[in-house]
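Let me give you the structure first, and then I'll get to my questions.
Each chain carries a letter (A, B, C and D) given by its place in the written order, and its residues are counted from 1.
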Amino acid sequence: MAIDLSYPPEVQRLADRTRGFVRDRVLPIEDAHDGDITAAGGDALRKDLQHAAREAGVFTPHAPTEYGGHGLGMVNRAPIFEEAGYSLFGPTALNIAAPDEGNVHMLAHIADPEQKQQFLAPLARGEVRSAFAMTEPAPGAGSDPSALTTRAVRAEGGWRINGHKWFITGADGAGFFIIMARTSGEPGDRGGATMFLAPAETPGIRVGRHIDTLDRSMLGGHCEVFFDDVLVPDSAVLGAVDRGFEYAQVRLGPARMTHVMRWLGAARRGHDVAVARVAERRGFGSRLGDLGMIQQMIADNEIDIAATRALLTRACWELDLGEPAANATSIAKTYAAEAIFRIIDRSMQMCGGLGVSADLPLARLSREVRPFRIYDGPSEVHRWAIAKRAVSAARRAQQDMK
Amino acid sequence: MAIDLSYPPEVQRLADRTRGFVRDRVLPIEDAHDGDITAAGGDALRKDLQHAAREAGVFTPHAPTEYGGHGLGMVNRAPIFEEAGYSLFGPTALNIAAPDEGNVHMLAHIADPEQKQQFLAPLARGEVRSAFAMTEPAPGAGSDPSALTTRAVRAEGGWRINGHKWFITGADGAGFFIIMARTSGEPGDRGGATMFLAPAETPGIRVGRHIDTLDRSMLGGHCEVFFDDVLVPDSAVLGAVDRGFEYAQVRLGPARMTHVMRWLGAARRGHDVAVARVAERRGFGSRLGDLGMIQQMIADNEIDIAATRALLTRACWELDLGEPAANATSIAKTYAAEAIFRIIDRSMQMCGGLGVSADLPLARLSREVRPFRIYDGPSEVHRWAIAKRAVSAARRAQQDMK
Amino acid sequence: MAIDLSYPPEVQRLADRTRGFVRDRVLPIEDAHDGDITAAGGDALRKDLQHAAREAGVFTPHAPTEYGGHGLGMVNRAPIFEEAGYSLFGPTALNIAAPDEGNVHMLAHIADPEQKQQFLAPLARGEVRSAFAMTEPAPGAGSDPSALTTRAVRAEGGWRINGHKWFITGADGAGFFIIMARTSGEPGDRGGATMFLAPAETPGIRVGRHIDTLDRSMLGGHCEVFFDDVLVPDSAVLGAVDRGFEYAQVRLGPARMTHVMRWLGAARRGHDVAVARVAERRGFGSRLGDLGMIQQMIADNEIDIAATRALLTRACWELDLGEPAANATSIAKTYAAEAIFRIIDRSMQMCGGLGVSADLPLARLSREVRPFRIYDGPSEVHRWAIAKRAVSAARRAQQDMK
Amino acid sequence: MAIDLSYPPEVQRLADRTRGFVRDRVLPIEDAHDGDITAAGGDALRKDLQHAAREAGVFTPHAPTEYGGHGLGMVNRAPIFEEAGYSLFGPTALNIAAPDEGNVHMLAHIADPEQKQQFLAPLARGEVRSAFAMTEPAPGAGSDPSALTTRAVRAEGGWRINGHKWFITGADGAGFFIIMARTSGEPGDRGGATMFLAPAETPGIRVGRHIDTLDRSMLGGHCEVFFDDVLVPDSAVLGAVDRGFEYAQVRLGPARMTHVMRWLGAARRGHDVAVARVAERRGFGSRLGDLGMIQQMIADNEIDIAATRALLTRACWELDLGEPAANATSIAKTYAAEAIFRIIDRSMQMCGGLGVSADLPLARLSREVRPFRIYDGPSEVHRWAIAKRAVSAARRAQQDMK
């Protein structure tokens, strides 16, 4: 045991390969369509890019090797996912976009062999997409998951699910859904949820409108989804009944971190675009990049990138140890979401009028990264959780002294 | 002479009337089209709204009374423009949108009687729109206007203009252009510019593409404009030859402040939407608006609104005294652009996922207000100017003591 | 009625006179003793300076003219108090330091003729100092005044007071105390407080230690004070029984604003010192004041000064109209306390190692201004109050629409 | 090679032992003297504490084992130094206070055997203190070391040194000085400096006044030092002639990081004090630590602590690899200095009036940590260096593409 911050050579090589693949094959398509993945081809584009990624040897790095992946743990995913995130379409190309990537992670941990065969295998291979149906409109499960209102009740040979979800990423076109439903207790109770696996064609599942959000690089959109008397067999239960909130934590911690990895790549791209520009443009009798106020923005970006990466490494290392890492992932997610937003915002500012135009990718990136301060837990909810732990620890210490 | 912060009753009444007009007639149209003015009807919509504004007695409040306006000075424009800005379409409805409003202001100060007749009168009546053609792509006039490269050279009976402009707001569909061109000196020289008035149909004027920017509520877009051997008569000169930079200052100081007024209205709307929501929604066992972190965002919004308004009043008061008010307008513009951005950003954050969706107007507003930290002088350029004055004053004081 | 931001000529002249007086007579003494008012002479210094101020015609500008003052309202106090605050000892010299200044203000509004004769007159003339005994150690009255635990109970011909106060500014050496004590109800109740006037020599009043705080320019320190069976006659009641909390509001709103005025002067001095220095010092091949990051700090200081002054004017104008101005004073106080802190902090930073040394007044000023973000209501309490009003207003609006 | 963030067990044990030692033996003395090391006993206190540290097995952890130390590299110093820094007197107790700790580090790397015997050995054993004489008053070497004006010129059998230094930490009472003097070139040149070792009793060395700064926990103060015809032999040259600036870098990178380690301990203490307090105090009908605005401050402190530690680990790891790590140490130092300041500032704010008093250690800590944003390179200079590297890299990349 001793501090070491170096990646294994094979991880470093995979990162380099990913960088080249994204630069040569993915970025040009993103730029040609201003980051609108539907306009760029949607699922057809996805299949083309994933084929290319497979050929380049960079496909599905996080999936277990038995499903064709590279079997990387959280720590080693970071540099790969960051390189993929350098383009908004990169994660889709590598099959590591949300929510599929998190679903692969969770199914690999929780699903039984049949479920792995039916759901995980085709997902890891990129044959289908998936959706994780948890969030509900007010007063249902939002920042506070315990408010869950969707219900699953016992039916012959299985369960009958009714409920209304929204902001379900990737729902339009998903091959199957992981549905979070209440199997006991009442909205507000901290337990009583169960996860169910259901193919998209299951009767009673209806995908509604795409919610029109600032971001538009998520394939399948953020949709409303309705479950009307959806009947699923007992074998659809993922893991055990009533343990859904626990499993959600299994998914959420890592999923927060992979979001950070991808958006960090996007932030680095924004920064690179801005620095390249001010390194050559002139104004006020100077190269712009030599003006103090511009230098301050550049340095603050560098600091924000370094701190995000360092906090991410820490949280991933804890996760790889098998710890829940709730505090470390909350800290890394909160810092990262705000830092990434600042990085893109400063990069726009450095580029002036062009920065807010589609002639550069910065305005596009600004729309994409803003919601991350809200998605996967608003900064305020993470801060509340961090503070609660600190205060509880202080109170325990005071009790001990008495 | 004594401090007084009350508006004359007739101004207050006009503000109230404007508030009601915007709420009842304008906001519903904005919301139905997510703030996209072209989608909402473009110039046809403009004419309808302006007709309604005329009937409501709130039309063109800033124009001289002889042109059908209310003849308000800068100080008294503030509450009216703020009410108009409460909707993104409000300024268009009242005929006080950029750039027409600033052009009316400048023409009223500088144009000769014939020019007023030909250009100011129809503009004040809303019969035409206009454009102010100053900004150029790098390495031309941008944040640093002295880099002006567009040239006007003497020709028989007038001038021949050649150049390339961009980010020319409202160019598409404008009835005439005010063209800033260099009549002496070289790019980098601080003098030597002249303003010309030219109908849009003048041969050689060509409006190019709309630059695709974050904002989309400006009628006529932000366009590229090309001047190829545009011939204008001597009577097209606005004011005197070679004094264009001076006149630009006449326009820019007030134009900055009217931008602040309008965007302050937009910020207030965003804040109102968010506060209304957290005042009724519940979560974490409490009304959201009673949670401390939400209260902090609300209070910071209130502080930012109050400070913006107070700095604006100060700068307008100096302008009404006939002063250039360069420092006061730089201070107010810089503070306001950043404060307004923060207000909308916090308002989005308070509303969670819904905040970044088109179900509320906040995401739309966030796109509209971000460029204001760059348009009309980036914050960095204003700070540079403010600091230069302070350092010069300190040096003069040191000289005086020697 | 029309917006006017100009001071009456006599106020402007008084401000100019104050500026000269402070520069020539007060600043040299402050600098010679690094702002330590006790080291500089304490009450003896006070008397000397007040004598000089009287001769210079700048003494006690806020007191009613019948007590020898200039009778200025809140709005017109601002420029005078700001000039006085340019030196930490300036307010003492002009007899407008806390808490005397606020006590003069309150006594002028609430005291009966005999009380005015006995307490207000000598205070306005600078013959005595005073203290306002409200704050108590936890769990008593602090940020939340309703927690008041000091009690006054009926006794023969008067009241018997018992309690323990702290952070009582100016207590050591005060000629009399204004004591806030509970005459009905229990700690936590929002009413039931009464104010009493008691000469310092009243049996049972004991001034304890000076609490050692960051600041040290307040004559008489911040002390603990004990009231042990203090007997006062009925004539000691200031105003009416049980209305103490209301009267405290009469005092607190204006007192907050005069704090802002004085500290704004201190902030301006810090800024002036820093700008003078970077205007002449060189480094990195440039005058320091021409480096972009320094320019940014200068500009941000200028913006913070302008915004503080503008918010202050607004709040004072409302107070002069006779309004409670609770929101406007909370906004101005919160913004000002944080802005003034930032101004001094940036000024230190601009001056490097020298900035944190006693060779310049900046380190001294940093210690003095920091507590203002806590004294007179911590920023968090003001923000809470501002937000509560905004949320309540939104709820009322929602009720009205139903 | 693989990411690992765990410390070796012996390092962890040393950290635990240090924690206990500081809590039981050092903190009580600091608190009894409000952090004033001279008042607490100065060098006599130092000797007592160092004796106790030796007995506790925690003395001089960074020194080579042949000089009685634990021989820890940079990465492993971090947790030990952080524990020591939990008290302002802790680093003195462990013999790892500035500047001795950095001087031990540099002498171990550069000194020849005789110099090690004469200077390093007694320093590592705590028998003497030392000073590093580099900084000069304007226009000499400050943030910009190349401005060095102190000169050493050839003399018979050695060198004659003349110059004026200031902000020389620990000079009063130091046993010897490491003197940075110009041996070739002119002020402004980037090379030409040499380091000399000189016992304090060398004729011509005179320690002047202590510069009165915000901080007061540094034994021997921050002094002015005068060198008047100081004659030193050739053997006094540390390393090679004219390579002083290079050696300064050897010292500065690690010295910045050990400053961060120590101040991080101080920040953690401030945070602990504040959290313990709000975890038990009540107000506004709640435990203070459950109020949202307090929770936000707590969470932001936790984030700042985590990010500082993570950036520090990264920079130390690069240093241990033998890299100059100029960028990583600039990033870590800049972030840390600002974060540590924020942490203490928020901790004060959480504790209200008590927070700015000597009843808690927070006001004391606030005075100590503020200068760190200036000492060891102001944040602005580090940002300038970070940005220059980024812009240069971007320009090289552009050249490569051409």
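Convention: a contact is a pair of C-beta atoms (placed from the backbone, for glycine too) under 8 Å apart; a residue touches a chain by one contact, two chains touch by 3 or more.
Please read all numbers here as calculations on a predicted model, not as lab measurements.
Visitor: Give me the set of chains touching chain A intersected with the set touching chain B.
Guide: Chains in contact with chain A as well as chain B: C, D.
Visitor: Of the other chains, whose C-alpha centre is the longest way from the centre of chain A?
Guide: Looking at centroid distances, C is the chain farthest away.
Visitor: Roughly how far is chain A from chain C, going centre to centre by Cα mean, in whole Å?
Guide: 51
Visitor: Provide the C-alpha centroid distance between chain A and chain D, rounded to the nearest whole angstrom.
Guide: 40
Visitor: Hunt down the residues of chain C that sit against at least two other chains at once, touch-wise.
Guide: Residues 291-296, 380, 383-384 of chain C each touch two or more of the other chains.
Visitor: In the complex of these two chains, what residues of chain C are touching chain D?
Guide: Touch list, chain C to chain D: 34, 135, 138-139, 142-144, 147, 166-167, 211-215, 222, 281-284, 291, 293-294, 348-349, 352-353, 355-359, 363, 366-367, 370-371, 373-375, 378-380, 383-384.
Visitor: Inside the complex, what are the residues of chain D that reach chain B?
Guide: For this pair, the touching residues of chain D are 291-296.
Visitor: Which stretch or stretches of chain A touch chain D in the complex?
Guide: Interface residues on the chain A side: 1-9, 75-76, 272, 275-276, 278-280, 287, 289-290, 292, 294-296, 298-300, 302-303, 306-307, 310-311, 313-314, 317, 327-328, 331, 334-335, 380, 382-384, 386-388, 390-391, 394-395, 397-398.
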